[in-house]
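You will see subunit A twice below: alongside subunit B first, and alongside subunit C after that.
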Partner chain A sequence: MRDLKTDYFEDIQLFRNKVQLFWCVVLLLFLFSYPFLVKAYYLTVFNLMAVNIIVALGLNLLIGNTGQISLGHAGFVAIGAYTTVLLLKSGVPFIVALIAAAIAAGFFGLLLGIPSLKLEGPYLAIATLAFGLAVTIIIGRMDFLGGRMGFSVPKINLTWTGLNYDRSLYYVILIITIISVFVARNILKSRIGRSFQAIRDSDIAASAIGVNITRYKLYSFAISAFYAGVAGSLWALYLGFINPTLFTFILSINFLAIVVIGGLGFITGSILGAVVMTYLNLQLQNVPDIPVIGPLLQQFSEAFMMPTGITNISWVLTGLILILIVLFEPLGLYGIWLRIRIYWKRWPF
Partner chain B sequence: MGQLFQVHNLTKRFGGLTAINNLTFEVEEKEIFSIIGPNGAGKSTVFNCINGLYKPEEGTMLFKKQDLVGKRPDQIASLGIARTFQNLELFANMTTLDNLMLGRHKAMKAGIFSIAGLSIRRSPAAREEMANRRKVEEIIDFLELESARDVYVANLPYGKQKLVELGRALAMEPELILLDEPAAGLTQEEKEEMIYSIRDIRDLLGITVILIEHNMQMVKYISDRILAINFGKMITCGDVEDVLNHPEVISAYLGEETEEDVNTINE
Partner chain C sequence: MLAQLLITSLVFGSIYALMALAMSITYKASEIPNFAQGEMAMISTYVTFVALSSFGMNFTLAILLTVAFAFVLGILLEFAFLRRAKDPTPLSYIVITIGFQLMLYGLAGWKWGSDQRQINLPFSESKVLYQTDSFAITELNLVTILIAVIVLILIYLLIQKTKLGLAMKACQQNVNAARMNGIPSDRILAISFGISSIVGATAGVLVAPLITLDPTMMWDPLLKGFAAAVLGGMKSLYGVVIGGFLLGIVENLFGFYISIEFKSVVAFLIIVIVLYFRPSGLFDKHYVRKV
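Entry: the complex of A and B
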């Protein structure tokens, strides 16, 4: 009888029950002690995961919840990253640069949302794709943005934390990620999130019950780009340098893959997708080290695809996972997670 | 009782086809007003014009002295006009509860900057959410949708889906509700329940109803007045008996007896 509800507030409160609260506290304790448990390399791994989580949260809001598509999210990440670096270079404090970067990306999201009012499906996909490509090309041509060489990112002042730079940065990124998850979750539980889903399921009915389709589609694009801007800002910070080749079309596709593999329309899906895909991408780079299979795969890749070899293999495997997920588990990793949870709830039956 | 809604000289064309031709009618406050006509007569087009999905070429539609022509569907919705659809336009991947809560969309104000407060019981956003949730529960109670509350609408049987759509329209607390074939596809029992629900909507909630329906029994039983149209033109409008016994209405529904038919029968 754990899930019996007695109060309307229970539907919107953060934790459904004490068990959930307990596990969240355990997870937070682990995350906050993480820098003292592992080597510096794994901090970078987490940072990369966190950045992907933030982008995925925003992109999932757009694709999974509002039913619009974007193949240009790398463009928003780039806008966030470059805005942050420019502002940091001119001596603005990081928190201001972060917010400005997010707002700048959000503004471009709003602009990109305008074609979404007229375009649907594949047409919108092409429009957003063009945006993503255009951003990197334009940035590459601007000398004050470092051109094709890019520029290095100034370190921010985190000495007040009393920890070394890597660890302090980790905490900054962790806290912003937690806030991002919290906000995304509340957006989805609110009337705004419901309106997004209404547009996804039936825009005619949504307008008939009073949802202003124009406004909410633009909201969705702006919020989604805002998240990408935050992620870009953090990414620039821990990478230490940025150049236009970081924000390729492939990156946009990677974000899309994260969201689809994680589970369209679910926050847990965004998180699971980002964590698993980041980990996979990193691990797949070690494929040649696997005995027997590794060299074989590399030979195969060099023979039939590009001579550069191993990056292709990781993409082939990502593609394979994507196909399998879509075929067998449309809810993605979130679906698997759900089944595990139900299994344990009903155990031993 | 005053007039709530007046349509004057409404004309809607699709290219060369005139779907609605110079249609004029009035709806009184708190009446059940039915629109009947054969397939393709333009009944749903009338709804789509009222609701703002189509923009009529000519005419005015006055609702509480405001012209609806040129307004967006969401603006018309917030004036107090709700509707259901012939082929169900539900938010299929959401629960019944969320569907009905969406009906409360216009009644709620929480913006993007207040949603962080949703997790705090006493915050305005959470209080608003709960107050509207209470309203939705009243409608769930009214339509007896308790068992469907937390079920994804796509998984509900057709009859329940119809009720959810009706509930969503009611959640808007409209003054005028447009029902497009509410009984189509329902079993006999569900039809009867639907008839009682529609009566209750008018009698208990005081909402004016405009109804499109093919089931003549239901129309006869439920309506205060009927408008009959064919090829987008009004045949007749008035009391139930007068309209249903009107020769043109009968011929529009049953087809005209031609000389050839008579000959075939005689042979």
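Entry: the complex of A and C
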């Protein structure tokens, strides 16, 4: 029942108690047996969730933990995706392409970080937004990057796993996601993560106690972009094609929505946000199939709106959830979960 | 050719200047960068479109309706959402306006679909008013520039010469002191949002005949307007207008002489470079926060 940590090792240990360890093992067992339990469609759903989780982890490090804002993460995802495809096409093995993509994105993150050191608030928002847009426009105009038509992504060789392609791809993405979560957690618990949080809480106080603000802000941008690069690489791989219209401004906003809705500054928050928002968005693609309210919405949109525009409900709902989360639950879904947990722990007091 | 380019630059520059001014009015009043500005303008433009083509109103009536609608929409954003935020941070304001933007974008897409529509203003693009061998001014160009200049002058008069403008300036300088002197600062803030929404809607109606009317139409003007505002310095009203025209000119000259393909990129590149050397824009003083 102790919530306060009394020493450093308690703070850095991976699992606080046996119960947590047990549930993590259960979750992992479930995830590893998942492809044999469900239909192929749900593998795609998981892949999409995993990609969003990885981007959200990185973006949360930047927004939630360092207190910087980025509205250009689609740009980093695009860099990761295109680097992967270009390398795969020239015959490089996937693992090398993945690492190269992440490093390329991280390098651009560092590059964007340099002018962003002095900026805050709307100035930082517009600089990152500008970067994201510029990447998409430049990619769309470059012939060797496929132009507007984009590329189809070559399939990688996964026959050595002895499973069919979808399943082995699932395992590749799952393992990389698990590693990403693990690394993000360790970054947060290390010196780097604590410096990030010190900068977020007060940059002046942080520099007074000896945190090198320049260096750690750059780290934050670079790590965040690195994650986006990994995600872009995996996304390109399971999607099978890429083109510049995938990486729009609205995608960056979608990532921001995931992070904010999940819970700023918490790894569990990133995961929750990515899973819930991905599922919600996929469900809202076929509104009429939703029980009870689906047909009602269908009738409403036939009477007053454009029946073809009904998928736009997902934007309305995302926007509404974003506003409600900020107004009523600033810690997001993780905050809700935290409150439920504390309520039952303390019950009946 | 240069003269023609300058005219195009002025047309786009005046639209960017209007969007930038709209951004700046609210930012100055509350330090809230309103990302929903573009979508608010887009919805207001659809109101004009519906009034003109579905209800067959005459143009003046449609514009009056649009202005009223834009004003209410701006007040709605402030009153219903921004005012309700508990211990807000800059990020939470940004997220609220982005949420509002997504809602409006979704609603517009739901109501009008993603079809590209043509808005019929009584000024045509094909009617040439003045022509020499090097350039031509169409009626639409002239009207766009004129209306933009009139709106800019009206905003100037509003802020410098009226009691409301005085109250707005007082709230910008020191909210608590303004409140102590009996200025209802919340109401003033709401009205600022309403006015900025009207300015944005003007830009929307003016840009609609140049590009087509669809739910994504204001993305580009919004970002350019935002960029222009940042370029000029978000808190300097003169600065943002100059920034808007500057951006229009640089963009079109670059587009013609160097590369039309990367016309949009150059705007953003300039912003990043300018911000690197002057972190609060060209015409605004940069204050370094101290303990």
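Annotations
Quick note on the criterion: the second predicted complex is superposed on the first by the 316 of 349 C-alpha atoms of A that agree within 3 Å, B and C clash if a C-alpha of one lies under 4 Å from a C-alpha of the other, contacts with A are read in each partner's own complex, and residues count from 1 in each chain.
Here is the rule we go by: a residue touches a chain if its C-beta (ideal position, glycine included) is under 8 Å from a C-beta of that chain, and two chains touch if they have at least 3 such contacts.
Note that the structure is a prediction, hence the values are computed from the model and not measured.
Of the two partner chains placed by the overlay, neither subunit B nor subunit C lies in contact with A:96. Residue contacts after overlaying the shared chain place A:301 against subunit C, while subunit B stays out of touching range. Of the two partner chains placed around the shared chain by superposition, subunit B is the only one that A:211 touches, whereas subunit C remains out of contact. In the superposition on chain A, A:38 makes contact with neither subunit B nor subunit C.
Set against each other, subunit B and subunit C differ in how many residues of subunit A they touch, and the higher count belongs to C. Shared interface residues of subunit A (contacting subunit B in one complex, subunit C in the other): 204.
By the touch criterion stated above, subunit A contacts subunit C in their complex at residues 63, 67, 69, 114-115, 118-123, 125-127, 129-131, 133-134, 137-138, 141, 204, 249, 253, 256-257, 260, 264, 301, 304-306, 308-310, 312-323, 326-327, 330. Only residues 8-9, 11-14, 182-183, 186-187, 189-192, 194-195, 197-198, 200-202, 204-213, 219, 223, 265 of subunit A touch subunit B when the two sit together in their complex. Looking at the complex, you find that subunit C touches subunit A at residues 27, 31, 33, 81, 84-86, 90-92, 94-96, 98-114, 219, 223, 226-227, 230, 234, 261-262, 264-265, 267-269, 271-273, 275-276, 279-281, 289-291. Contact residues on subunit B toward subunit A in their complex (touch as defined above): 51-53, 72-74, 77-78, 82-83, 85, 89-94, 97-98, 101-106, 108, 110-112, 115-116, 118-119, 121, 125-126, 129-130, 133-134, 168-169, 172.
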